[in-house]
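Lettered A, B, C, D, E and F in written order, each chain numbered from 1.
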Amino acid sequence: MLSKITVSPAPHVSSKLSTRVVMGDVLIGLLPAVIAAGVFFRVRALAVIGVCVVSCVVSEWVCNRIRRRPTSIGDLSAVVTGVILAMSLPPAIPFSIAVIGSVFAIVIAKMAFGGLGSNIFNPAMAARAFLAASFGTLMTTWTVPSTVDALMPTISAANTSATTQATPLAWSKAVQKGQVEAHYINEQTSGAFWGKVGGCLGETSGLAFLIGGAYLLIRRTITWHIPAAVLLSAGVIALTAWLIKPEGFINPLLHLLGGGMLICAFFIATDPVTAPLTTKGMWIFGIGVGSLIMLIRIVGEYPEGVMYAVLIMNSLSPLIDRFCKLTPAGGTPHVK
Amino acid sequence: MSSQSLGKTFTAGLWDSNPVLRLLLGMCPTLAVTAAMKPALTMGLSVIFVLVCSNIVVSLMRNLLKPHLRILMFTLTIATFVTIADLYLKAFLPDMSAALGPYIPLIIVNCIIIGRAEACASKSGVLVSIVDALGMGAGFTLALCLLATIRELLATGKLFETPVMPSWFTPWAGMGMPVGAFVTLGLILALVSVITNKSKS
Amino acid sequence: MSNKIKFFFQESWLLMVSSVVFGLLLAITDAAWKPRIEQNTIDRFNRLAGGLLTEAERFESVAAEPLAIEIGGKEIPVDVKRGLDGSGQTAGWAFVCEGSGFADKIRLVVAVDAAFEKMAGFGVLFSNETPGFGDKINITPAAGGFYQPQFIGAPVGTLTLTKSGDAAVIDAEIVAISGATVSSQAVVTTLNAWMVPIKEKLKAEGLLK
Amino acid sequence: MATGRGKGTFPGGVHPAEGKAISESRAVEAVPPPKQVAILLSQHLGAPCQPLVAKRDKVQAGQMIGKSESFVSAPVHSPVNGTVKDIALQSHPVIGRVTAILIEADAEGNTPQTPVFNRFDHTFSPEPFAVETICGAVNDGGLVGMGGAGFPTRVKIEPNPAMIKEVLVINGCECEPFITCDYRLMIEGTWQVLAGIRLAAKAAGVEKIRIGIEDNKPLAIGAMTEAAATVKDIDIAVVPVKTKYPQGGERQLIRSVLGKTVPTGQIPPTIGVCVLNIATCAAIADAVVLSRPLTHRVTTVTGHAIAKPGNYYVAMGMSVADLLDHCGGLTAQVAKVLMGGPMMGFAIADLTTPLTKTSGAITVLTQDDVTKAKYEKQQTPCIRCGRCLTACPEGLNPTKIAHAVKFNRMDLAEQYYMSACIECGCCSFVCPANIELTGYIKTGKILVARAKKRMQA
Amino acid sequence: MILASAMEMIHNALPAAVLALGLATLFAVVLLIASIKLRVETDPKVEEVYNVLPHIDCGACGFAGCASYAKAVVANPELIGRCSPGGAETSVAIGRALNLQISGGGAPSRPIVHCRAHREDKLFHAAYDGIESCTSANAQPDVQACHFGCLGFGDCTRACKFDALHIVDGLSTVDYDKCTGCGACAKACPRNLIQMVPFTQDNMMTVACSSRESGKTTRTFCKVGCIGCGICAKQSDLFTVADNLAKMNYESYAPSEATQTAMDKCPTGVIVSRGQTAPADRQPGQKAAAATA
Amino acid sequence: MDTLHTLLLAFIGIVVVNNLVLTKFLGICPYLGVSGRIDMAFGMGCAVTFVVTLAGTLTWIIDHTFLIGTPLEVMRYLCFILVIAGAVQLVEMYLRKFFPSLYESFGIFLPLITTNCAILGLCLFLNLWEIKRLDEAVVLSAGAGIGFTLAICIMAGIRENMELADVPGPMRGAPITLITAGLLTLAFMGFAGMI
């Protein structure tokens, strides 16, 4: 009865939560979006997701082997990275490039820093930024969702083809230059909600992410602060711009629904590893992400700024953490 | 000085105290000019030239140096030879001069050169100083070329601007950008430390 | 006092001597290579401009002093050159202009036809644009670029940049390089800013009819 | 200064499975005296006692056998009539091997000592007892805080002109899972507890008494409220507080009951508060009114593998093994034997370890109780989810401190207020990565203390 | 003609030479004044170290220039070897400047682990499920029956910068070839088992146990612990027994036949030799004769 | 107003868009060396900002008064490096003598700066970009220093975090810092086209 007695420091019981459960919840939260991608882009989308997940998991396993560490793929974080990376790729992406991105995400952005928990940058976003830098054309070629006819003509001169089209956000740049009238783009708002616009796998349907995000919030996998901060700050900036000059800027709702805003708010910016720890820090982080996204969309060169906004704020989150240090319940002790 | 120890002085710069890979000196040009082989090689050769010349001059006047003016003398010498190298490039290799831009004059503040002047030339004879300069310079050039080969190959699929990769290869433009420079050098340095640890044990 | 001066010279005579020597060395080197360096610059201009204005055999400045031209509210000296064909007729005009690009200044050689109506194209003298994106403005028509040919024959006047459109149609609409709108825009903006004032200046000076 | 109302709760905290159903309905039962007891000479914070008896001496039940001249200290007494067998090292559940007096109980003349709940009722008045009498009896009775830390009670309640006490907070939370000893005391010995409270209040000279009881113990709240209503001469009230661990931590309880915060690094008396535990109050009544020193206490023996779980009135110095035998032994394979509850209790492996004044419970955990991942040590890297920050009742950043300790950066750990940690274990409890955050912080504190000691030496 | 062109060249070059001369003179003056007027009194040791550094202020060492590094390295000699431009020669020079000797005269100080119980010698071991560090484990009183013996989680190993300590079969074991006597291990041991001892000889005889338990209790915990029987103390004055534990007097250490007899007669074999060429420990139960052979 | 606009754009441009460290690879040595602790990094940043502003302005004035358009242009590099070295020396002396506390907080970094290529690099870029106006030169110089401070402080924050991370052995130190810097340049690409 006492043969297998153990001693250990207190506490001797723990909650049922584990990293695997947390990551599993994130995957469940991503499920609606995966289904939506499957509906809009058919087998191709699922194939891209599959390629990304498999290559992420394999890269992680190989890294573990090289370091002679117990394998860490069981915590499912590599799967999450794979899915999020796939969600941020256009459906027509060649598989080889998806593999390069996955390897970059896991090997360079994650395992080189020491694996899960040590990475400074969101692996999926770092990989996407690298792919965008390396394969610009391929990364901005959008397939028309199979559920709709081509609504908008392509704007990429180099890739004139009937099956590609621009995303609403790409058009928003044209609106700002006065080349297209805003209302034409604003008609896409409901499309962006249901998923009838072009874009990356995870950029088409806002609804899927709202469902997934609600799931995460209910499960308390994420706290509400970062999503709220991102959406609020982005919304306020978009609304201000739109109120000042309605013909020069697209509908703020479209800004919130379009592009990677929602996946960013619920799944990417909330990545606990790369976000600040404290509530105050989360607010700063979220507002930073939201504002940078809008800054890049409105002022910058790119129609979409999610990955850069996230990466920039990731790099700042150690500093944010440092300057938002918690005060103990009894106040800071007096140093004698 | 026997030829054997001269040889050792030379090879030290290639690996044991390779300025880039082991001592982490002169990182700015290493990162900046290695997007392609041609500028990397030009930079390497320029550094060898400046290093050899300044080592000779410093070695010649090593006994006349006064402590507090030592660094000033080194700087003066190096700046002179860097200017000469710059003028030469402008005159005879205008394309390279344009491509390298301010990184040639920045050789002046490259720690390798002033470091060798201090650590070797101001203490040793001319012959040793020359060999040391050649070794260090060759080490620097090799490191630059290594980095440039990888980057140019992946970024453009070419080497010395001649296509070498198969046609299905999609160039990774990112490798030609700063990110490519930093990440590739980081990985190379990690590899170097793996090799060093292996050879130690 | 004299002691101090003596001490000073004791300490720093080497520095003084070598600075003089180095100064001389530099000046002599410079003197020896200067013509070549200057020739290189001219050669480069001629090569670029000549590639654009194929009929022109040589280029000569329209005036001894660069023309002072008002660009963006500032007087900027521009050395406008006339391209002369074999028979000494004006084959076109060429000049260097500059603007800010994505990462750095962009310096372009621009050539226009004899009537200053249509562009003969542009060449990049200096740029430091993002490799793989912005530096596509550097790809010459001969090397298969799609951006530069759009300017050959484009009207002198206000060009506009679009993201969509047909690059094959030569008009005032320039199609941007995908993913590198800034660099594409920089070229268009620079050309817009420089071409018309120069044309007017030339007319005002009576050099152009 | 220390008056005010709390909201009945505090920020942070966790909700571990309660497990109190096992023993909460079992009345306190006296345990026959064991054949041999081992009285540890360090059962409290402060200087250890020196033995007053020698080998082969005869001792009587209640006889003082160990004492220290030091101010922060409490004497120890023999719970039985018997002979001193040896004075040797014995396992202490917390601090390792300490000197103990081993007493062999006489074969005859030892009757089980029983609780004396019936000796008190609503007619009790602290009037006849002078402050000095109370303090003297508390000191001679060897009373220490019986909730866990074991701080000598006399030092706590004695009037101190430097820190005037205004409120007496009675800790009836018993927030630790599984433990029910204080709960039973409040129900069965309501009047005795109340008598102790009033005596302590008189000694401490406070104007106000607040009894904090977690709202998952309605019977105890009812009994205590009813009893408190009979007291007219002092402001006394029962405050139901939210059921949440570590509600019974004194800093948390003060926050919940009074809405006041004890400054970091300070003790409750700095804001005029004195906190006493229920069992301690009962013992005060015993010591002052009946002159019975602290030799027995109510201990909960609980866990899913105990044949007869319950609340037992046990002689201190009885070994864990003897007590478990009395409770019918174990019915299944156990993973851990804990002195105390699962959140802050100490795991012991040597079952000859004697019970001490602070042993409120013996908890045995089966593998099912110890969550699988934790037991099998599947630690994964910190994902910085921040759950430990939310759970920390002291508003600290446990993961930063733990990592600083792990990488031997004590300066960094101190920057994140390592010393303010109360070691409640909430952070380790919630950590999805199963990191022993509390363990690291404890280690860090030990290392810092050692470094300081070395600096002084 | 040639002369004329050369003259012209020199004439053209003169302004440059004059400018160079002017600049150089200016800075020579500034530096000279700086070196005379603004001399700041510094620690002579720092000065000495500074003098052997390359003075190029490259920052590769992680400090703000050579002067900062010199200051830091004097305060903390562990920082030697950070100067990459100077390389190994500079490191040696710094060491010389600091006059860094591992021990300051007399016998070198070396650690001795006062426990000799390997895993199989400890008779009771609870499964420990916590942080793998001695300090953490030591906070769990019952992690092993002997509260005085080596825990084997290697706090000392991690403290050692020279790879001179290893946990062999649950016991911290010193590699005296690598040991420099820095004493870090002694500070790291939460049970204070490691003591720095002046090694007047290559091998030192010691009582490798710290248990203050009674002999009877020790026997229930450990096969090789000191039971405080006092046989050794009867043989040689170097041994004293107090608190159930024999101790070696290292101060007046002088091995003799008597000590050897004490070693041979020790019933648990807890008297052992430690040092570079020390023989292997006697196995528990092995007869004394075997050890002397 | 127009001038202000130009200056503002120039400033933002050099701080974030064309950050000297992240796009021009200048000042990498201290960027790798002194980014271990935030306070050190910040001190270094302040010192660089101060010196680069001083050096940029001085060399611009010298360049435009003495060198441009004269045969002395060949002396540019020599002149620049001596001016920088001299200025740094003088400032260091001055601080040490008159503001000891300031010297302790950032003056100790000054000697490190002479060999910081960000300083000479910026001076050369001012020449290469053909900056025509003094105010623009000053703004660009100060901006370059602030950009450096920004980059090195971010890096220091990250490195302080990485100290508590399980970075693989061979990656520790320079390699991981370089990779971090690489990812940082990726992130800063987001500012592209903002000016």
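Here is the rule we use: a residue touches a chain if its C-beta (ideal position, glycine included) is under 8 Å from a C-beta of that chain, and two chains touch if they have at least 3 such contacts.
Keep in mind it's a predicted model, so treat the numbers as computed, not measured.
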Intersection of contact partners for chain E and chain F: A, B, C, D
Relative to chain D, chain with the most remote C-alpha centre: C
Chain pair, B-F or A-B, that carries the greater number of C-beta contacts: B-F
For chain D paired with chain F, centre-to-centre distance based on mean C-alpha positions, whole Å: 60
Chain A and chain F: spacing of chain centres that average the CA atoms, whole Å: 33
CA centroid of chain C to CA centroid of chain F, Å: 29
Residues within chain D bordering two or more other chains: 346-349, 375, 381, 400, 436, 439, 442
Multi-chain contact sites of chain C, meaning residues that touch two or more partners: 11-12, 15, 18-19, 22-23, 26-27, 29-30, 102, 130, 132-133, 181-182
Interface hub residues of chain E, defined as touching at least two other chains: 12, 15-16, 19-20, 23-24, 27-28, 31-32, 34, 56, 58, 60, 126, 129-131, 136, 139-140, 142-143
Interface residues, chain A side, partner chain B - complex: 94, 96-97, 100, 108, 112, 130-131, 133-136, 138
Residue ranges of chain B in contact with chain F within the complex: 24-25, 27-29, 31-32, 71-72, 75-76, 79-80, 82-83, 86-87, 101-102, 105-106, 108-111, 114, 177-183, 185-187, 189-191, 193-194, 197
Chain E residues within the chain A interface of the complex: 126-131, 136, 139-140, 142-143
Touching residues on chain D, where the partner in the complex is chain A: 10-12, 14, 16-17, 177, 251, 255, 261-266, 305, 329-330, 332-338, 340, 342-349, 351, 365, 369-371, 373-375, 378, 380-387, 389, 393-397, 399-400, 415-417, 419-420, 423, 425-426, 428-434, 436, 438-439, 442
Chain E-touching residues of chain F, taken from the complex the two chains share: 29-30, 33-34, 36, 40, 43-44, 66, 70-72, 74-75, 78-79, 82-83, 85-86, 89-90, 93, 96-97, 108-112, 114-116
